[in-house]
Amino acid sequence: MSKIRLIALLSGPDRPGIVARVSGWIFERGGNILHADQHQDPEEHIFFQRVEWVPTNSDSPEKCEAEGNAFADFATRELGMKVQVSRSDVVPRIALFVSKIPHCFHDVLLRAQAGEFHGEVACILSNHETLRKSAESYGIPFHHIPIGPRGSEERENSENEQVRLCREYQVDVVVLARYMQVLSAELLQRLEVPVINIHHSFLPAFAGGKPYHQAYARGVKLIGATAHYATADLDEGPIIHQDVSRVNHRDSVSELTRRGRDLEKTVLAQAIRWHLDSRILVYHNKTVVFH
Amino acid sequence: MSKIRLIALLSGPDRPGIVARVSGWIFERGGNILHADQHQDPEEHIFFQRVEWVPTNSDSPEKCEAEGNAFADFATRELGMKVQVSRSDVVPRIALFVSKIPHCFHDVLLRAQAGEFHGEVACILSNHETLRKSAESYGIPFHHIPIGPRGSEERENSENEQVRLCREYQVDVVVLARYMQVLSAELLQRLEVPVINIHHSFLPAFAGGKPYHQAYARGVKLIGATAHYATADLDEGPIIHQDVSRVNHRDSVSELTRRGRDLEKTVLAQAIRWHLDSRILVYHNKTVVFH
Amino acid sequence: MSKIRLIALLSGPDRPGIVARVSGWIFERGGNILHADQHQDPEEHIFFQRVEWVPTNSDSPEKCEAEGNAFADFATRELGMKVQVSRSDVVPRIALFVSKIPHCFHDVLLRAQAGEFHGEVACILSNHETLRKSAESYGIPFHHIPIGPRGSEERENSENEQVRLCREYQVDVVVLARYMQVLSAELLQRLEVPVINIHHSFLPAFAGGKPYHQAYARGVKLIGATAHYATADLDEGPIIHQDVSRVNHRDSVSELTRRGRDLEKTVLAQAIRWHLDSRILVYHNKTVVFH
Amino acid sequence: MSKIRLIALLSGPDRPGIVARVSGWIFERGGNILHADQHQDPEEHIFFQRVEWVPTNSDSPEKCEAEGNAFADFATRELGMKVQVSRSDVVPRIALFVSKIPHCFHDVLLRAQAGEFHGEVACILSNHETLRKSAESYGIPFHHIPIGPRGSEERENSENEQVRLCREYQVDVVVLARYMQVLSAELLQRLEVPVINIHHSFLPAFAGGKPYHQAYARGVKLIGATAHYATADLDEGPIIHQDVSRVNHRDSVSELTRRGRDLEKTVLAQAIRWHLDSRILVYHNKTVVFH
C-alpha cells in the first residue's frame, strides 16, 4: 500500500461541532477518512480525537507534509486544539535504553525485526557492556555510557552523552527496557521526546524497588506489569497499559520474577506499538488510548 | 439528565465523505455529537457507523422523533445506508424466555432491577412452571407455555402464543436465558425482533447439546460461553460476546457446570447491555460491536 | 453420597516424614485418602497440609467425630502440628453482614440456594432496614442492628448484639457482603470466628474508602477486587483471592462501579467456597489455599 | 543446591493405601518428600501421583539412580503402577523442529538461554535453511532436512534422517515450534520420545490449516492457542495447555496472526516447562498436569 496516510491527534476545550468541522475540512479538500475516534472528558470538558485519512496527492511526501501542516494550522487556529500530525511514510526512530537484563531487550528487537512496530530501533544505549554482543548480532549500534552517582560530574557527562546520542540518531521516542537507572527530571526535559518505561508491578501497588519481593511479602494472588510515560516522579507517570498474571502460595520470588518477565514483555511491546501508531494522548497524568 | 439523545446505527457501501456528511448534517441542524464510532470492512467495502447526539429541542420527544426520522431519511436517500435510529427516552422491552435453570434468569432480573440495562423486562415466558414464584417476587408477569413435539399441533399453538404475547407486551428483543428449546426458523421470523441466546461453550467448539460433557471428554483446559443472535441454524448465529475460564484435570462435569454458570451470566448480560445500547450491527453472520 | 469424609488442615515446623506418618496413620486405621496436598515454606521451614479421607465407620457421625479427634490428638502430640478437623456431614453456618448495597447479598444467597456452597446462611445482620424484604423472600432471618458512632454506648450495644446473635445462630464464619462499617479489633476478637471481607480494589492498591474514585483519578487500566480475612488493620488482612477487569479512558466512575460489582461477586463467592471447603490456612498475614 | 532429587510419576488402578505406601517406602529408606500431589479419576478408578523427594546419598548420582530403580520396582510390583522416575541432575535434551516462522523458535531458545527450562536444546532440525544463521548465533547445531511428498522415497529418507539425528543427539523430547509438516504415525512411533506441538487455535475449534482465517470468517471474539502431544490424528492429541486473547471486528487476519504469536509463544513455553519438570501424565487422550 503506497498511499500515504496522515494521522492527527487533537485535544482541547470541548464544544459542539468539532467532529463535523474536522471531517468537513478533510472531505472538502478531497481526503478520505479511514478511522476517526474521539472522546470527551465529561467533567473536564476536554475533547480528544484521533483521525487517520488519505489526503489527495497521497503519493507525494511533500504535498502530504504540506497538507498535514495545513490541517494543524486549521485545528489550532479555528478549533483551538493542540495538534500533532504524523505521516505514515515517516518511520519513527527508537532509542532503546538497557542495562543487563535481557528479556525486554530481545523482545523489542525481535518484534521490530518481525515488523510488529511502525518504527525502527535506531540505537541502543546501556550503562553496561553486557548486551553489546547481542545488540550487534541484531545489527543495531550499541553505546556504553557508564552512569556516575547522582550529582557527580560523571553523571552530568553521561547525561550529556545520552542527550547528544539521541539527537544524533534523530530519535523520536526513548524506551526504557528494564533500564535500571532513574532518569532525572532535567534529563527527561532535555531529551525532548517521550520516554516509555516498564515497571514490574501493577501500579500504584508496589512502586519503587524490588516489586516482586514486595508482592511476595504481601501475599497477593496476582502479579502485574505497568507501562507508563516516565516523569520526574518515579513510577507516577501516566499509565499506558497494564496486565496481570495469577500466582499462588507456591510461587517463590524467583518464580514471580520469571512469570513477570512474560508480562513485562507483552505490556511494554503493546505500549510501544500504541505510541508508534499515534494512539495515545496524555492529560492530567492519565492517558487516552484510541485502540 | 433530561436531554434526549438520538442513536443511529448505519451500514452500507463504503465511499469517501460519509463521516463528514453525517457529522455535517447533525451539526448544521444544531445537534451536538457525543459519540461517533465507525468501521470499514476493507475487503467487503462496507461502512458501519454508530453516532449518538443531542438534537436541538432535546426536551421534546415528538421533535426528537421527527429529527430521528429526518436523519434516517437523509442517510437512506443521500448516503445509501441502512439505518436504525433509537431515542434515549424510549426504554426497550425484553421478553425473557426461561425453562427450569435459574441462574441466568435471576442474573438478568437483578441487573434490570439494579438499573444496569437501558431496558426493562416486560414479561417472562417459560415452558415450565418452575420459576413462576420467583418471577412474581420480581413483579414481572409470568406465562407458562408448554411446548409440544416438533410438527405437532400443540407446538403450533405454543408458537402462536409466544408470538401473541411478544406482540401484546410490545417486546423489542427476546432473551433466551438458558431456554431449553430450539426456536424454529418460522418462529424466529414471526417474532420480528432480535433473539439473543447464551450457549454454554466457546463456539464453534462444542456446539449442540451437553457442551460441558463434551469439554470434559476432550480434556480442554479452558471452558467458555458464547452469546449470539439466534438464527435458524442452531449455535451458528452471529457471535456477540465470548469469555472463557481456566479448568484442569480435577474438574468434574459438575464442577465445569458450576464454573460455567458464572461465565454464562456475565457473557449474556454484556450481550444484552450492548444490544440495548444500540451498539451492535450484524453482517455476514458476524457482528460489529461499538464499545 | 452418604459416606462421611474427614478433612484435616495441619501446619507446623517442617521435618522429614510428616507426609508418610499422616498417610500411614490414616491407612493403618482403615481410612481411604481421597485428596492430600501439602506445601512447605522453604524459608520459614513451615509445613502445611490438607488431607481428606473416608474413615472406617464412615456412616456413623459419632465414630467419625471420634476418629477426627483421635487424628487431631495424634497430629498435635506426635507431629507437633496445629490441627483443625472438619466433618463433611456438618454444614457450616454463615452470618451475612450487609448494609444497603444489594449485589453481593443476592449473589451469596442465590449461590447458597443453588447448592454452590458447603454451608448455609443462618442469619443476616444489617445496619439498615433496606434489604429486609429481600432477605425474607429468601426465608433467612434478618436482624436490623443500627450502629452508633465509635466509642459511644450505642456502638457497644450493637457490638454486643452482633456477638450475641452470632452465638445464638451458632455461626462458624462471618461474611461481610459490602458491609459498610469497620469491625473493631475488639469485635473481631469477641466473634471468635473468621470474618471474610470483600474490598473493591486490587489490594494493596487503593486501600481505604472510594477505591473506584481513586482508580479513576490515577488512570489505571485494570480495576480489581480482593477477598481477605478481616483483621484489626483495615484492608491489611491475609488475602484469599483477587481478580481484575480491563477498563479504559471511556469508563466513568459509575461504569467502574458497575463493572466492579461483577468482580466483587465472583471473588467473594470463591473465597467463601474455599473457606467452607477447609482449603485455607493463614500464616504471617498470608494464605495457603489448597485448590 | 547440589542435592539430587528424584521425581516419580505413577499411574494405575486406584485402591486404598497407595499414598501411604509410597510415602512410607520413601520415609523408611531415609528419603525426604518435597512435593507430593495425586489425583483420582473417580469414574475410571485410576490413580495418578507425582512425588518428588531427596533420597539418602543425595550427592551420589549412582546411588540416586539405584534408588530410583528400586522405587520403580516397588511401585510396579507391589502397587501395580506404571512408573517413570527422573533425576534432577540429568538435564533432558530437546530437538527443536522448525520451518521458516521464527517467533516460537527465538522464544524457546531465549528461554533456554535464560535458564527457564530444566532442559537444553540439543539440536535444531528444519525443512528450510531460513533459520540457520540465527540458530548458529545461539550456538546450537542446525540440520536442514528437506521433506519430500508423502509416500515418496525422499520422504522416507528424510524421516530416516530425523530419527537418526534424534538418536545421535540423545534427544528426550521433540518440540514442534511452528514446524509446518505433519509427522506421520510411523515417524512418531519411530522417534520413541514424546512430541509437543503448538496449534494456533483454541482446539477443538479451528483444527487443520489456517485457523486464524477460520476464526476471522466465523467472527469469534477470542482467539486461542493450544499445546498438545502430537499423535497420528492431527490436532487430536492430548491437550497440555491453552490460552486465549480477546479480539474484535477491527482485527484483520494479519492482526489476529500477530496477536496469536504471543499466545503461541507463552502456551508452548509453558507446555515445554511442565513436560521437562515431569509434571504431565497422559491417559485416554487427556492430560493430568500437576502444577
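A few comments on the model shown:
As written, the chains take the letters A, B, C and D, and residue 1 is the first residue of each chain.
Please note the rule applied: a residue touches a chain if its C-beta (ideal position, glycine included) is under 8 Å from a C-beta of that chain, and two chains touch if they have at least 3 such contacts.
Everything quoted here is computed from the prediction, not taken from an experiment.
Touch-path distance (fewest steps) from chain A to chain C is 1.
Seen from the Cα centre of chain B, the chain whose own Cα centre is farthest off is D.
When the interfaces B-D and A-D are ranked by how many C-beta pairs touch across them, B-D comes first.
Once the centre of each chain is set as its mean CA position, chain A and chain D turn out to be 37 Å apart. For the pair chain B and chain D, the distance between C-alpha centroids works out to 43 Å. Shown for chain C are the residues that touch two or more other chains, of which there are none. Partner chain B is touched in their complex by these residues of chain D: 39, 42, 202-206, 218-222, 224, 238-244, 248-250, 252, 284-289. Chain C makes touch with chain D in their complex at residues 16-17, 19-21, 23-24, 26-28, 31-38, 40. Listing the residues of chain D that touch chain A in their complex gives 102-103, 106, 110, 114, 116, 137, 258, 261-262, 266.
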